[in-house]
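Consider the two complexes below, in which subunit A is the common component and subunit B and subunit C are the respective partners.
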Partner chain A sequence: MITSPAPSPTAAARQWFLARGDLGALVEAIRGTGRRVIGPTIRDGAIVYDEIQAAADLPAGWRDQQSAGQYRLERSTDERTFGYSVGPTPWKRFTFPPNLPIATAHRTNTVAFDQPVPDVPSLAFLGVRACEIAALGIQDRVFLGGQFTDEDFRARRSAAFIVAVQCSTSSSTCFCTSMGTGPEVRGGYDILLTELDEGFVIQTGSPGGAAIVAELPTRQPSHAEVGAAVDSVEAVRTQMGEPLPMAGIDERLKLQLDHPRWAQVAERCVECGNCTMSCPTCFCTSVIEESDMDGKSSRTERQWDSCFDVAFAKVAGGDFRARPRDRYRQWLTHKFSTWFDQFGSSGCVGCGRCITWCPVRIDVREELAAIAPPIAPVVQPVAVEPVAASPGTFSIARLASIKAETEDTTTLSLTDVDPAFLGGRPGQFVMIALPAFPAVPISISRFRSNGIDLTIRAVGATSTALVNLHPGARVGLRGPLGTFWPIQEAYGRHAVVVAGGVGLSPLHGLVDALVANHDRFESISLFYGSRTPEERLFRDDLAAWSASKEIDVAVTVDRAGPEWKGRVGVVTTLFDMISWDCTKVTAFVVGPERMMQASVQGLISKGVPADRICVSMERHMECGIGLCGHCQMAGRFVCKDGPVFRLNDLGDMFNREGI
Partner chain B sequence: MATAGRTARPRVAVAKFASCDGCQLTILDLEDQLLEIVSRFDIVEFPEATSRRSPGPYDIVFVEGSISAPEHIDAIKELRKQARILVAIGACATAGGIQAMRNWADHDAYRAAVYDHPEWVESLAKATPVAEHVKVDLELRGCPIDGGQLLELMTAVLVGRRPQIREEAVCHECKRKGTVCMVVATGRACMGPVTTSGCNALCPTYDRGCYGCFGPRTNGNAKSWSKGLLRSGRPPEEVWRLFAGFTGYAEPFRSVITELGKAKAKT
Partner chain C sequence: MDDYTSVIAMLNHTWFGAELSPETQERLAKLGEIQDFEADEVILHEGDDAREMGILICGRLALRTFVPERGAVTILSVEPGDIFGWSAVLADTQAQSTVVATESSQALVIEGTRLRAALKEDHALAASLYPRVLKAVARRLRATRLQLLDLFAR
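And now, the complex of A and B:
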């Protein structure tokens, strides 16, 4: 039935028990209503769905072994009738026939087209599994859910009486738990059977089902039998193990249309179309015409077709999906991604037929994992409460080492820090002070396992005093403070870091985090502009990053001596190297305000969306907690609401003089 | 041939080269349609059916057989001149046929092994499809050809349209018929995934693997399929034989056979 009437609470609770030997009575009772029964039976070495005359036609005592490209039947150790998982036949065979006459045409004095009246048999489907009920529901949405409907399907579907069966075992190819369609049948049936050793626990889902069950020699099931029925389905769930990480698979695939794996899988795929023909939801068809020899009358037949067929997307001028990789991508992305756009759900129910019946053993689960790997759920770290938040109090840290970066810039490595600092995030800053020197805000340039680095340009009293300290000295710290780089917003995208001068300092920790999680990004790039070669920060790290595969590094300088062999020019000149689709870029920009403005303009003109550009703003910060008023920028305190902002959150304040 | 109309029936010739005549028999086997066919076509040359001979030109020439002997070369060129539409029929005419297995072998050694007096036999070192020698307008595949496709082609010529002959995998036909895939369910070999449809999956329907007699699908991934057959534990000789059967000289089967031959030579 298309929609099973909601059973009344009492009916839903009502269960019956049918002894194993009385299963034939169910077949007879259904046949007695004038329906043909279609159910599982053994043919050609497999359990197919075909006409069942009597219970003896059912495959009692058989089970299947399925894996990619392989199906074998073997004798079971018990006499169960449904102790196997789904075979080669999808039920669509009976609701959406493989060959269907759809029109006849005649040419006499004029032309005439006639549509045949659907000739719909009255069928009962016996042994429908949870994934298969889900598949029927998906085809309901495909054929009946839109403006135009398939009336032949409607007639066949409405006429079908559904006897569902709870799975009592699963195959290695089953993944219904991953697609949320099973293993338990939750609705969409007239009668539901759960097989136990001695017989069947029966529930009904419609008045028609109840009428059939009323004719059967049933008894009340014992509590133990009812419990065993529940346990049986749960055991299948346990047998299937952890579900695959399918969350967001539609979006994940959309980001991977250019993945090299498409070409690799296409080298294996023989494009036989067996996956699509075995799939219980695939609905592609073509029509063929047969005419008599003088072309005066013809017959049009609709046939199952497949998007893997080389002619499927052909037009007079050529083929829209000319390469095998195009066709494989079409199938997989339709099934798991664009189906959501068209029909509001996945096109896959996890029955595993496309895996078992692939003669070259392609496993769609492996392809999905390779092409669109799961993006691990973003673990939001426990919000770090800054230590010594109050302007007058400081946490003490020890200076472990000190390293000159340039003539006026020095990196202090601090250790023995409060654990709160270790829990800080790239982009945040600390207030650092010495007795007799006012606190100054300094970005955390690096997180180490036992401390943090601060990179300081010696321009004022405190900063000059700090860079002249010796290892072992103690300093006062407050923090970590402010907002941080939203790294997860770049997952699945091209992460682009643009740094100018000492602006690389608040970006260093970001680059470290990007590189550590490089497989979550489409690519990672660092564009760094410095006034001179000598003013480049972190030269050892730049060399290491340049040598690594995980990040592409490009450096340019405004003015160069004879030693410099690299690029010369402002940082935006490096944007010529961007070859990828900029709508898929998330950018992180820090530097002098002029440089940031030019960089942002350059990125936007390349097509990077404004809400995908993050900047870190600099303002005079005294307190670091939004209480002193120094760092106001229009409606925001840069210390508390920033320093990291999304460009679109700043609006036209970003590019405005005197704010 | 929309312009021919009823009054002028198209003149049809059926010719053969190196072949078994099975495709010609398929024409004669269209028993229910034969009267209609001869009422619409003037079959003037058909040695398998009648000893009456009639010179060209012809509207349609059906050519069976591969070009296998020196005299075939001139003969097919002459037929081409006489034919308005030249149709190659069957695996021999479209792919070289089973006799093209010699194309990978020592021709003289084969000849000496088979004939008492090999010097009396004049044959070419290679059996080749008709299209290697002359332009072919239409092809019917198969060993033998399918009667339904032949009727469709003749109908199309009469009505004046292109014949609707699909090039799917044989697997499509099996799946629509509901035939269980023997490769997956029994482990037996089948050429269906890489073979052009048209036979309505005849062999798999009778529980035999597809022999590939309709020839390789356009752009079919024969390479992957040969790997799959090897991976299932078959020796290269067996896979070689599967591909080299009826249509092995047609690409991409030909490349697979050449590769497998190299593998065989190494072992």
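And now, the complex of A and C:
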């Protein structure tokens, strides 16, 4: 990989000042080394990069106005030479020529193929901006960073002398701050200019740059001039406003391959390929053959190509990207997503050329925002400190209401609870007790603004006593205890909740949280199986969830009478409804252990990664804090290390007999 | 010549028919006929001769069996894409359950005698169809085993 040597601290600190009238001396000094100078000049109403003979060829006193699909040059109110932002020409034109002879072939008695001797000019690039230096670095990785390299590119890059310029203005199409490539030039140059009204503050980045500067009629810059140079770059950053939210754009795009916007933008796109031709990093090419009329010799030339070309992905049997939407998606996802996989960075530097030079004003920033909007920052939840953690101590709560869910299962709504319980997380549990009855662990089935719900199946002395309480009764609570559902791990994915029987109770709060944050998930589904229709929990909530657009609900029962019109069959039969990419599923499963095992097997066979399946385990608990030993499961205490576990964390302990 | 395109399109939306070859799909379409069932309509009676097999296109069917003193118990629902009356692929068998439409439903129904004759003479059809019927039966067997465990009981 080629990079200009980084300036030493001493050299970096050293600065010079070159008067505006002496800029020609810089051009002359570079030309004096035998290099041709390529720099900005006006042609056909635009500032393009072409050969510069003298400073007079530079666009002093001109500035540009750019927006989506528009580019205009106008006279500036000052005489600055670099008072514009980037024009249509990418520097790759000189390191990666649009047309490059790569071979000749001859047919005599045999056939022969010859490679031309590289004819690499010695060039100096004058006026290279921060985003453009980043683009050269990206092409370095593309052409020189892998197993196979482009030696023509290597020769041209090695021969190039870089005179960078700090931007003193930006266009509405610029977004280098969003891509982390600018506006300030941080390296990769031989000489760096910062333009002020009276001249240029100069830094050097290589011995070659220092040698050139040594020939110039410079002086030491004043303190004010050095400060103005720094302020100039910062002013550009301010001018560009808040950076776009690009964090995670690669993964965000990968989740949106079926977004309807691809078809919508393709209806506007005319597939002219301007975006790829003006892009400083696009590197796709095709090879053409030119043959003499007698067929005895031919010339092979590599030409820039574009993934927007209708034949770009064509093979004998057809076209892999036959539709315009396919081609647009290919370009955008390569630039902002799959480029990371191949080359370790984005393929975009935020120069904005693809926006300015798009004849139908497609703005890549708008498309990214529409197709892969940012996901709000993830705040990793932490468990609140439980109250009355020690066995025997309890926080008193009042029973506000009672609701029978099924013949043997009842929901108690508790109020006047310690605030710690309101800060609990779905999946956690409490220890609840009455005088003369031992405490029992009960999952929190719902968090309300002024209390919590506990859904209890009357199976023992304490639970039977609890479901027979009346509103106003007081109970003792400890908690919230245990681990909780890692909801944030399902952000951007398909959240699948699988519940069996009373297993819906510890999942109710999870479903509430998923629905409340539905924008964060690709989809939300609840698969619920119960023994009979009458044994379904939370029937009102199931009906409300079914009616909402935020969650898909499928319910099945193991057996039913003729009055039941819904599904009959075990819960795993509902997995037939899954039509999405299961590698993008995060699943939350609760039910009897044998049912969880069947569900986990079903999910894994569908392609759900094991480390994306969470289960809630049930064990005998007495203390709830890992001290009594009852709930030990191999190396874990279910009360303290669980009850929510990732399947991977359980390993072969999951569903093992006798554990 | 009849146009079976719409029937084949329907088959393509079922797991049972989606991956069959176009020739087999057309053969099935020709063998059967699309039938509509109203809610609560009884399609097959438990114990009757298994006279037809169906591929459910849309709607929902209940497979019910009679239990003395409990009456009809639904043991399984058939969802779109699945089959019912699979016993019809075997000669001289009886329907294992009563098949009732629990809502308006539509199915490709193939008369058992025609189906068995076609399977006997057309080996390609048999090679395609038997594994799918077996898969359907195996799925039911697996589900039934889990049901037998009565997982949600106390």
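Note that the second predicted complex is superposed on the first by the 654 of 659 C-alpha atoms of A that agree within 3 Å, B and C clash if a C-alpha of one lies under 4 Å from a C-alpha of the other, contacts with A are read in each partner's own complex, and residues count from 1 in each chain.
Definition applied: contacts are C-beta pairs under 8 Å (C-beta built on N, C-alpha and C of every residue); 3 or more make two chains touch, one makes a residue touch a chain.
Not measured: the values here are computed from a predicted model.
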Clash or fit, subunit B versus subunit C on superposed subunit A: fit
First (subunit B), second (subunit C), both or neither touched by A:E151: neither
First (subunit B), second (subunit C), both or neither touched by A:D341: neither
Contacts of A:V568 with subunit B and subunit C, given as first, second, both or neither: second
Subunit A residues touched - subunit C or subunit B, whichever exceeds: B
First (subunit B), second (subunit C), both or neither touched by A:E290: first
Which of subunit B and subunit C A:D231 touches, first, second, both or neither: neither
Partner chain(s) touched by A:V310 [first = subunit B, second = subunit C, both, neither]: first
Partner chain(s) touched by A:E267 [first = subunit B, second = subunit C, both, neither]: first
Subunit C, subunit A and subunit B - angle at the middle CA centre, rounded to the nearest 10 degrees: 80
Contacts of A:R594 with subunit B and subunit C, given as first, second, both or neither: second
Where subunit B and subunit C come nearest after superposition, their Cα distance in Å: 28
Set intersection of subunit A contacts, subunit C complex versus subunit B complex: none
Residue numbers on subunit B that touch subunit A, as the complex places them: 33, 36-37, 40, 151-152, 154-155, 158-159, 161, 164, 166-169, 171-172, 175-187, 192-194, 207, 217-221, 224-225, 227-228
Of subunit C, residues touching subunit A in the complex: 15, 39, 60, 62-64, 71-77, 79, 81, 100, 102-103, 139, 143, 146-147, 149-154
Residue numbers on subunit A that touch subunit C, as the complex places them: 408, 459, 500-502, 529-531, 535, 556, 558-562, 564-570, 572-573, 576, 591-592, 594-595, 598
Interfacial residue positions of subunit A with respect to subunit B in the complex: 43-46, 48, 50, 69-73, 88-89, 93, 98-99, 267-274, 277-278, 286, 288-295, 303-306, 309-311, 324, 356-361
